[in-house]
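Take a look at these structures.
Consider the two complexes below, in which chain A is the common component and chain B and chain C are the respective partners.
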Partner chain A sequence: MKIFAMIVSKELLSFLRSIGLVLVVLYSFTADVYIAGSGIQIKPRNVVVGYVDATGGGVSQKILSKLHQPEFRPPVMFLSQKALSDAIFNKEVMVGLVFDDDFEKNYRSGKKAQINLLLDATAASQSLTTLIYLQNIIIDFQSMNFPLVLKSHKLFNQNADNHSFIALTELLSVITLLIVILTAIVFVKEKEDGTWDIMLLTPVNPKIIILAKSFSQVLIVMAGVVLSLGFVIFGAFDVPLNGSFWAFMLLTFFYSISSAGIGLFVAAVSKNVMQVAQLSIIIMMPLIFLSGAWTPVYAMHPVFQTLSLFSPLRYYIEGTESIFFRGTEFIDLWPYFSGVLILGTLLYLYGFRKIGKLF
Partner chain B sequence: MKLTTIKAYILKEFMELYRTRLIIMVYLMPSMIVLLFGYGIRMDVTHARILIIDNDQSKFSQMLTSKFEHTKYFNAKVLHVSEKEALRSIKQAKTDAVLIIPSSFEKRLLHGQKSEIGIFVDASFPTRATTIEGYIKGTVLDTASEVAQRGGLSAKGLITLNQRTLFNQAMRDEDAIVPGLIGLVLLVAPAILAALLIVKEKEEGTIFNFYASPLSKGEFLLAKLFPAFLLHSINIFILFLIAVYIFNVPFRGSFMLYWLSSELYILISLSIGMLISVITSRQIVAVVLTVIITIIPGFLYSGMLMPISSMVGESYIEAHLFPVMYYNHILYDTFLIGQGLGSKKIIMYLLILVGFAVVLFSAGTLLLKKEMK
Partner chain C sequence: MSLLEVKNIRVSYKKRLGIDNASLEANSGEIIGFIGADGAGKSSLMHSIAGVIRFEGEVVYDGIAYHSPKEAEQVKPFIGLMPQGIGLVLYNTLSVGEHLEFFADIRNVKKDEKFQAYKEKLLHMAGLSAFIDREAGKLSGGMMQKLSLICTLLHRPKLLILDEPTTGVDPLSRLELWEILDSIRKEEGTVILVSTAYMQEASKMDKIFLFDEGEIIAQGTNKELIDSIRPYVYEEVTCKEECLSFNKRTYSLKPLHVNRAEPTLEGLFFVNALKKKKLLPQVVIAKRDKEIAIPPVVMQAYGITKRFGSFTANDHVDIELKRGEILGLLGANGAGKTTFIKMLLGLYPIDEGELTLLEKVIKSGDDRQTLKSKIGYVSQHFALYNDMTVRENLIYFANMHQIPLKTALNRIEQYANELGFKEYMDELPTALPLGVNQRFSIAAALLHEPLVLFLDEPTSGVDTIARAQFWEILKKLKEQWNISILITTHYMSEAEYCDRVLLLKQGKKIADDTIENFYKTHPDAKSFEDIFLTYYKDVE
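Here is the complex of A and B:
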């Protein structure tokens, strides 16, 4: 046990001594999470709308006045359809509305009145949401004297605030990437420098060396998580925490160990730091993207859905979302904990044996 | 110019790329990223799991539920459970939304009294929540106005939106994302390779061979970057084939424009990598720095998540400072629009890209030192 503590503190010390690495870790846990969270905004905002109005005002202007901030910028008037479509082609305008001259007449006389809509659908999801907004505005407009109220509640995140969500997702990706790379580097560095052989000559049980070394990296990442939670997640973005903080820390701890297992595997097969970087990226990218960070798992291709069952990250992401936003009770978290634990044990044992063979 | 020396150097670089298996990275990474993101990112919502609690059981309410059942956007389940149980099923992430139709909904509606439909959406995934909410409201209001028309409740005409979506008629996610991904990948991958090629020599100490050799700085860079440039040029074609044949993205513009602007863009990306390798001395730092500098703007200002026209303030200005925006404008044009060189804006953006290439490349050349510190 004393030896274990010694190795852990030695690793922590050598981590703190390499300033470059410390800076990279600090950056990833703070600035990177912050930039991702504050920068990426997927909801339509400030959409530029252009319109051509041949009706001479009235109903068309009433509809246009319903397009307001923050989703839409004040609509811009164009004199001809040609000018409008040119602006759309040059991507200066995203939505074009054309009111034909018989629009108002048709509307007043109770016939079908048509608004022509030109939409740049290059950014498909944004255009889709914009289209939904526009449709709702028009339906709203005509059902004003209709006795139906829709009471809509967005649970857990009333304003559908994307920043907190993206920041949290980014933090999970950072944890995954760092724990794998850090663990792998600790071992490969020794291989590269040749100190590995010296380690073997010491009368210390190699199992303890491996355990202690990977544990020290888990500690570093856990410290980073606390920093990131304090300064960025709760500090800058005010992410709600509806569940238990300790449940999250426990889940993170288990998850870190399982990812450290992947790191051990990477270390066992690569010869130098460069190969570690390449291999980790090749392994981690699919893990991160197919585990529900950007798209919920059930919305993915069925093949990927099955594959993601074997990814500890999938359980970690779903579990974290449940803890932070849904505020799920501890008992209902069992699928996530057992998923992370089972896969984690398997991965860690596999990595442990793989790197143990080097002795 | 010492042509034979340069030739030897280029040959050595090729050999080294091949032997260190870096060549696998050159071809595997870009294709992998495009395939992963292309398949892994789904912004449009289909088959959202909605739980409908119908407390009315009338003709109207059944009409409404059947609307939800017969669309690809929802997987509707009509259950008789309490609100609390419905909420628990959201908490367990088994349901995305709950719709509650109140009792005597039809009666009140026919008497012209206000009645309230409750919608609960799980907003743990905010963008999807907004989309799902929009779909639900749209479906309900659509049904309502249909009923109103039939029942003669509203005297005025019905306004319809006659939508004509341009460039991406089916609003496929693939069409929107894949060209943007090409822009991202061609920015990141060459930059990493270029950064590594020089920093590796620094870390291993073999850079002293160059310091002592008769090669000038320009010739050294030529020898270093030429293999990277050539290898990544092939990626332009590979990515094109992936986009058009695997993801079925239409290609409406001129291939020449796509090819030339992409080559130009690779040159810019290589220059960024070169600049990074000038200031760093360790491979791992160089890789991380390149990823940080290229990926975030590559995503944010690509136009695939958010149109540049919708940006305000600082992000609008920042978008113009990175080459991504200009290249992606051309890229999306060649894939989805097809104006080509007929548009003045594209010619201007092409010239701006040339400017980027010249400035970045000469900056890298000037800053590279051919001596010990």
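Here is the complex of A and C:
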């Protein structure tokens, strides 16, 4: 036990002494999560709208006045459809509205009035969401005599804000990647520096060495998680935490151990830190894709849906979302806990035996 | 005017000085030798002259002056450079013949009859005529170096720069390399700059430059240099101040009342250190904390064999290590020294053979577990944790060996004093001179008071004085602790300091005897170099 503590503290010391590694970890847990959370925008924001109005104002201007900030910039007028098309082509304008000269006449006389909409579909999600906005504006504009009202209730994420989702998902991916790389590096650095042999020759049970070394890296990542939660998740994005904080920390701990298992495997087969970096990415990418981090699992091909059952990250993400947004009771988290634990134990045992063979 | 003139070369790297204030002159057909430890500035000077690194100062070759790699382009057709490291310029999957074609092509050599004749001659000199079709990766270290050399010679350079071509090469190939150099300079009038780690090669050089810490400390012919320190060299005697003894000689700046002894070239380094007062502190070794019964035979191995694929690294090697004995495992690079030590330690599985360590037959890894606390090991290049200070490293090792903290701290303090690295305790290993690193590595290996010590090339690249003092440490350890030491080295001359020597060649044991017996059976040999040469020739 004393040896265990000794090795852990030695690894923590070496970690703190390698400034490069500390910076990478700090960056990943703070700036990286923040950038991911705030950078990926699907809602329209500051969309530049251009228009050509041949009607002389009236209804057209009323419609345009509904496009306001922060979603839209004040609409810009163009004199001809040609000028508008050019502006869209040059990416100066994302959405173009064309009111033909018979638009107002048709509208007033109750005929079918038509607005032509030009969308820069290369900014696919932004322009399509803009389209939905415009449709809503037009629906609002028509006074429909239809006895049906749509009253929506947004559950779990009242602001329907995707910062919190993306930031949280990014944090979970960062945890995965870092624990794999850090665990692999503590072993591979010894191989690189030639201290591996000396480590083998100390009369310490190899099992303790492996356990202590991987545990030290789990500790580093857990500390990073706390930092990230405090400064970014709760601090910058104000993500609600409806469930238990400790349930999340416990789930994270178990998950880190399972990822450390992958790290052990990477360490066993790599000769230097360069190979660790390459191999970790190759192994982690499918795990992250299959986990439902970026695409919901139900939207995947059935084969991938089945495969995703084997990604511990899937259970971790679903469990975390349950804790944060749904506020699930601890006892009801058992499917996620058991998923992470079972896969984690298997992965860790595999990695443990793989690296154990080198001792 | 000389063919090559080098004026006040200075090379500095980010944190340290490569070489400062180096000047030399060389004439056609001369062999200029550079001798010194790793990091003494030999390579920096060579690379400057070859025009491959940036430097301050001026080099004039045949009236063409250059001050930078760019300006040096015009002399490159006349220069041949062979960098340090065995087989570094070779491609493992190309054959000997293909190498010659390739090097002729990149140097744009016209392949006429004259070239063919010259190529044949080089191949013959290098003894590679029979191996034209063999891949370079399958050649021995010595053959690789000979191939590298003739590849460098193909375009008939007038200035040949060879960076440690003989280090780690077997003695026979080393002789042959020198023979090639000798005939080339005579026939082609080439200026040859060659650096070496072996003092014994000095006699083959026309002019010698001794390097120490980025400085040329002495220059002249072998004889001049040896004569220059004649007044300071005495027969071995105990003395206290401003003097030091090594290898049956005592060096002192103050006159001593004993007979003078015949100086050697390495004595120059001792005298230089005395003059500059920058000796590493002397060492003392105290008795063990408690005496331990050690069996008379510490290790026995029969028919130890290791294969890597089709390559046999160790072929049925027998070895016996007795109590209180320093056993030297000598051989060139690739002779199987490190593989052998790693098998003894259990770092590689043994493919064939029997091993008994401290009276315990080793069958599996579990048999070793209890022995680990009785074995000390210093690996090649003194591998230690570079992000922890010397003190932290030692405390860590003590803990790994489960030495009670109080005992451990006392012992660390004691070794730091005895081995003289106390002032470096709070520095990182990367910031230390190689000689200090060497001492502190051995302290790390001694913390748990082992019964047997395995040292893998602990003296390689270390400067003469640190090496001499390191051997002193080993000798005292043996006397005080009755410890057995197995040490590998590629310096044949270091056999002198061992009790018994085992010579390896290409994985096979070719000689195994005590030092006295070696001298008895070879009465007319001048040095160990000569004795081993006879064994190498016999096996050939």
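As a working rule, the second predicted complex is superposed on the first by the 351 of 359 C-alpha atoms of A that agree within 3 Å, B and C clash if a C-alpha of one lies under 4 Å from a C-alpha of the other, contacts with A are read in each partner's own complex, and residues count from 1 in each chain.
Everything that follows uses one rule, which is that a contact is a pair of C-beta atoms (placed from the backbone, for glycine too) under 8 Å apart; a residue touches a chain by one contact, two chains touch by 3 or more.
Just so it is clear, the model here is predicted, and its values are computed rather than measured.
Contacts of A:F289 after superposition on the shared chain: chain B is touched, whereas chain C is not. Look at A:L309: by the touch rule set out above, it reaches neither chain B nor chain C. Residue contacts after overlaying the shared chain place A:V24 against chain B, while chain C stays out of touching range. Looking at the shared chain after the overlay, A:V204 reaches chain C, while chain B stays out of its contact range. For chain A, the partner with contacts to more residues, out of chain B and chain C, is B. The residues of chain C lying in touch with chain A in their complex are 342, 345-347, 369-370, 372-373, 375, 377, 379-381, 383-388, 392, 396-397, 399-402.
Looking at the complex, you find that chain A touches chain C at residues 2-3, 6-7, 10, 13-14, 17-18, 193-195, 197-198, 200-204. Interface residues of chain A, counted against chain B in their complex, comprise 20-21, 24, 27, 32, 35-36, 39-48, 63, 88-94, 106-129, 131-136, 138-143, 145-158, 160-162, 165, 185, 273-274, 277-278, 281-282, 285-286, 289-290, 294-296, 298-301, 304, 318, 321-322, 324-329, 332.
Residues of chain B that touch chain A in their complex: 20, 22, 25, 28-29, 32-33, 36-37, 39-47, 49, 87-88, 90-93, 108-109, 112-131, 133-138, 140-142, 144-145, 148, 153-169, 171-173, 175-177, 196, 200, 282-285, 287-288, 292, 296, 299-300, 303-312, 315, 329, 332, 336-337, 339, 343, 345.
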